[in-house]
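We just call them A, B and C in the order they show up, numbering each chain from 1.
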């Protein structure tokens, strides 16, 4: 993919706020027709990166291009943004929200059929899934070439999520590119590829399978699972309960087996592939980053 | 001692929020109520803890002293410090000083909040607030712990830590009921209840629900022509297809259904039944 | 730009409370205050005492409204009528002449009375030859309790009450609404706390702060403006305590009727505004048109002003304040009762569990069959 193909891209971009580095040396590109997921914890730099790409912030170092040129107002007009809070007015009807946005963008268009059925409902009275559909419709009204979506499907069940992704995919099929920011691993799996951020830098990038790689965890099955949990927890292992009497432990099967045996607990421990969540946690709390026990800065 | 709802019906005016809903909560088990927005998960949990009175059915719950509840909206006082929040809970549940101090220390360590006792609740990040809320609900070692969407909107790392806290509670014998919209969390429960529009679409262990998926499930690559059949939905760049009768349409590769598929199939089946 | 205007109008149209405030309220206020805002006094309750009472009474015309004529009564009885607030002017006839006592806490009434007396004197002087009887008697005037008719002396006791209405009603309502907004109210309902514990716990701090506030305001008023405190502190405390219970109860009631802080502020404001102008703080209650005056009689501040002015300036005994104290007590019971009923409904819709103590540990669970 040559630079000219990318709808939005950043090259070795840095952004500092005083002494705090929000984004460091990030390379990112979104091409037409693809859905890129930007995954990271709060404070990882996702929002700052988005604002850099849209030209709402200037980079401290490095370059940013939107539609092949430095970001500008006309560039932003060709993008569509749906924030997590949807950007709709709860106390207006669907039709009223539509006409306001259409007028603001100078676009004349009819409400799409998918939401026309609820045109006279107050947005605030609609269920969340329908609200999100309306928000998408409104954002897509001016046929943007780049979609920026913030947690587009959190809070909606799997069928609703599929329906919403239908709209995103349709836009992508039509040539638009989409950048989805999320810290929701279900949503992340819907994207074509993922960019994982932590502490301002990209720590992994690629497909889900690529990111998980060949990481493994140990699965422990035992009738005495409650005690197994307590013992392993005591020894400092990270343990999660999965289902009935099944534990997933971050660590080598052999070590885990030894610890359990030492406490007289009968259990079967075997090595299994890690899931995206476990891989993500391993990526963001590796030795290069502060341990998870640190609370982090006060959020004012 | 099993707690829960049995054939419970809850209506608010003309709207039926829960229709014939049964949820069982057993000690040392995590029961997850999963569903989309408006499915009735919050109503279900509120009925369980006594905030809502059902029009029909039975509710079994321990006395207030033995319940820990974290609502979807908050769970702590933003204008009190972490320590003050803990003090309030201890006072409200009349916890004796000695055992409380030790338990408090343990919970704070587990949640990584030991160093910020003096910080205001409102100044903690979202994930830390949820962890504190869970710790507050566990302070009095309840028999039944009920959490309404504890991980919605929370960063993945805090989410993992919250689940570790929940796992720990279950390991100590607490019956835990969690409401969530995240299907991948439901897959780790001992028992799952899938709710939609106030009705139970499926319930049982995740394995049992998977085994009960009728028909066959398959995948299809992205097609320019559109949907490969009416009972299909997007996943990633391709489609998942469900054939209730067992015969997958042409061009569709068979696939092993995962829990996500099971949930979608249950919802599609319910829609078809309507 | 027009899109923005259209949007704002549409949103406004749906926000009924704000529309009501913007359109209905000014109209209502104009009508009400038009009839209430009146400095003219047309009715001055007057008692006449002393041997020449009947003749004196006969010569008194409106604005004087003679309520009692008692030839056997003397100066002491007349004073006590004023102190008890039963009359504003007392005319005591006797050997030395006619002595007119006036209640200095009723500023406008006194000024009107003075004017009327002056006209009376002028008329008498002009027509002395034909009047006979009381023609040549000397008329002396004495203003009791507030001899120099100092406005601040009359205002400070009232302002103390007004400030408490603001603090008590508005701030209490916000404190409770905040819990509802953040969702912590739900959690309180699930904890082993009784509804009355929660309500008492919510009101108690505000009660204490308001009491300190009131004391401070009174002391500052006394220090800064020289307002006297001639009466019984315990009586004042009783009146203040009852008044606070009403205003705080009002705050809790407002909070049960509001979903968020914005609404609570709007409602509080609508409750507080009439109290500023219709409680007798500025315009005398007796001057208000009857159709509007009834509103004053349901406002707690009206009674508090009566009590505070009476106790501070006139040393009115508690026996004479039975009516305002009793009415405040009644208001307190009604408002607090309503507030508690609504609050309890908020806290424990499952009914049966509210008010019960936590079960003993081994009691297991209870099945709630519906």
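Here, contacts are C-beta pairs under 8 Å (C-beta built on N, C-alpha and C of every residue); 3 or more make two chains touch, one makes a residue touch a chain.
Just so it is clear, the structure is predicted and the values come from calculations on it, not from any experiment.
Visitor: Please state whether A-B or B-C has more C-beta contact pairs across its interface.
Guide: Pair with the higher count of C-beta contacts: A-B.
Visitor: Indicate, using Cα centroids, the chain positioned nearest the centre of all protein chains shown.
Guide: It is chain B that sits nearest the middle.
Visitor: How big is the gap, in whole Å, between where the Cα atoms of chain A centre and where those of chain C centre?
Guide: Averaging C-alpha atoms per chain gives centres 60 Å apart.
Visitor: Approximately how many whole Å separate the CA-defined centres of chain A and chain B?
Guide: About 21 Å separates the centre of chain A from that of chain B.
Visitor: Measure off the straight-line distance from the CA centroid of chain B to the CA centroid of chain C, and report it in whole Å.
Guide: It comes to 53 Å between the two C-alpha centres.
Visitor: Under the stated contact criterion, what part of chain B meets chain C in this complex?
Guide: Per the touch definition, chain B meets chain C at residues 1, 3, 46, 49-67, 69-78, 92-94.
Visitor: Sort out for me which residues of chain C touch chain B in the complex.
Guide: 182-184, 186-187, 189-193, 348-351, 353, 358-359, 361, 363-370
Visitor: Along chain A, where are the residues that touch chain B in the complex?
Guide: It is residues 35, 39, 41-43, 127-129, 151, 154-160, 162-163, 165-166, 169, 173, 183-186, 189-192, 225-226, 229-230, 233, 238-244, 277, 280-281, 284-285, 292-296, 298-300 of chain A that touch chain B.
Visitor: For chain A, which residues count as touching chain C in their complex?
Guide: 89, 91-92, 96, 99-100, 103-104, 122
Visitor: Name, in rising order, each residue of chain C that touches chain A in their complex.
Guide: Against chain A, the touching part of chain C is residues 2-4, 6-7, 10-11, 14-15.
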